[in-house]
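Chains here go by letter, A, B and C, matching the order in which they are written, and residues are numbered from 1 within each.
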């Protein structure tokens, strides 16, 4: 195969994200369109920039701010092409949102903590909520609002994070765009750095 | 198979506690915690509002509140360093919880805002792909069997969670009964020192709430621990709380 | 509603075509975006022009050359957003990469449940796994490891069962020949009859 030029690869990237529809890992994209880490990073940044134009109806949803995603864990990061929230009004009639059910107080509470502080372990979540969360988390997993992955530091436990489906429903490009995101991060950090000792809760 | 979803008033004990404090327009502090203890216990006593999985956590908070309350009613009662730390921790966590509740409100607003993004259905072209069979190299009979075994191990773990919760409820009951026994000891010696009708009536309300709580637990857990009997025998409460 | 500017309407148009998999009639699009014939014509021409750039991977598929479509039959004309033919290789590479990857532990878990307990509905499977399983099932379908058929008891749902090829690959004649088949059946029954802890909780 001849070396593709950059525009051709940008086209490939757009076509791939369009075909799959779901979130794709960076590794998968790199393999399918045949680029390495640095080139993928450049392509994604360029695509993101092009999409910022007002005449474009789409945006990239990612695991975090794009420039920060190309660290040692880059291969597992995900990206998805989705419509911009400002177009939701005209699209509502076409796509029925599956997430019309109201959230119970327990779901809402667990969901917001996972959204703001994910990836978060169940025990940490339970400490913050002050209540056992096995079944609430199970329910959120079943509804596809949160996802889990094995905790690299604790073989028998999982870490929970907001799913792309949740972020789409909330209309943000990544969890860092949630309102007052930084404020809540700092709040938690200062709480946990306080001299008090956490008794082994739960 | 569908989950039964019941709308509960509170997501957990911290929210219930905070609600009680805020409804009295108080700040989170040891004093306000002592003040809402009776209401909190009454809330637990109405067991139908709390599901089993979260009961242990409600009782855990209740046991700390009882300590706080006892301390405020009975100045002679000294708490261990660990108990003091538990009280401080509850107060601190409640303050954090109060702040974090904001996050829930923000998520709720966005959830309802209608500003959603939409994605294309997964792999819309899938129907174009011809039927194929592609098992990969790792799929074997033993891999399937191993995986099935793992699933059932996970089921057992889930069942154990339930047992753990049950065990926790029971041990907390014991802890509460210990606290009450201590309070009774201290109380007998210091009752005469307590002045004013209000303090005494407050103690009675507290006691009744505990009795009620204990009775409810015995019913639902089918526990034969004679916790309530002991109390009755010694205290002779004036109501048929132990029907 | 305030008059949208042209860029906003172009964005609307792109988002709408992106979301919908089928070809849409001009009439439908005009209604949804809230424009008349002339404006729609201008918007489509503009979008078509933007898509011609080499960096774009998509194109408009129409019944004929765009300028000729706005005649008296314009309302019934259709348009669809598709990938450019030059990116066809991407679809192929994507399917290939999906298939050549080894089964993940999650896929294997879902596959085992389908093998031992199929025909099984997606919701039952998700209940047992405790996680949303849409994509896992699709990957298994794509690989030809499981097959599905409409659930006779539930109009909009499917039941999943192990494919004939899967059983042959595993070297068994029927699912009943799977190791410990009876044991797992009984375990499932006892698990599902156990007094559930979840009820009221959520």
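Please note the rule applied: contacts are C-beta pairs under 8 Å (C-beta built on N, C-alpha and C of every residue); 3 or more make two chains touch, one makes a residue touch a chain.
From a predicted model like this one, the values you see are computed outputs, not experimental measurements.
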Centre-most chain, if every chain is reduced to its averaged C-alpha atoms: A
A-B or B-C, whichever has more C-beta pairs in contact: A-B
Far-end chain from subunit A, centres as C-alpha averages: B
Distance from the mean Cα position of subunit C to that of subunit A, given in whole angstrom: 20
Inter-centroid spacing, subunit B versus subunit A (mean Cα positions, whole Å): 31
Averaged-CA centre spacing for the pair subunit C and subunit B, given as whole angstrom: 42
Numbers and ranges of subunit C residues touching at least 2 other chains: 15, 18-19, 91, 127, 130, 134-135, 197-198, 201-202
Touching two or more other chains - residue numbers and ranges from subunit B: 3, 5, 8, 53-54, 118, 120-125, 158, 161, 165
Footprint of subunit A on subunit C - complex, ascending: 5-8, 10-16, 18-20, 32-34, 50, 53-58, 81, 83-84, 86-87, 90-91, 93-94, 97, 126-127, 130-132, 134-135, 197-198, 201-202
Complex contacts: residues of subunit B adjacent to subunit C: 1-6, 8, 51-54, 118, 120-126, 129, 131-145, 147-148, 150-152, 154-155, 158-159, 161-162, 165
For the subunit A and subunit B complex, residues of the former touching the latter: 18-22, 59, 61, 80-86, 88-89, 91-92, 95, 97, 99, 103-106, 108-113, 115-116, 127-132, 134-135, 139, 142, 164, 167-172, 178-180, 184, 187-188, 191, 194, 196-199
Parts of subunit B lying in touch with subunit A, wherever the complex brings them together: 3, 5, 7-15, 53-54, 56-57, 61, 85-86, 88-89, 92-93, 96-97, 99-104, 106-108, 110-111, 113-125, 158, 161, 165
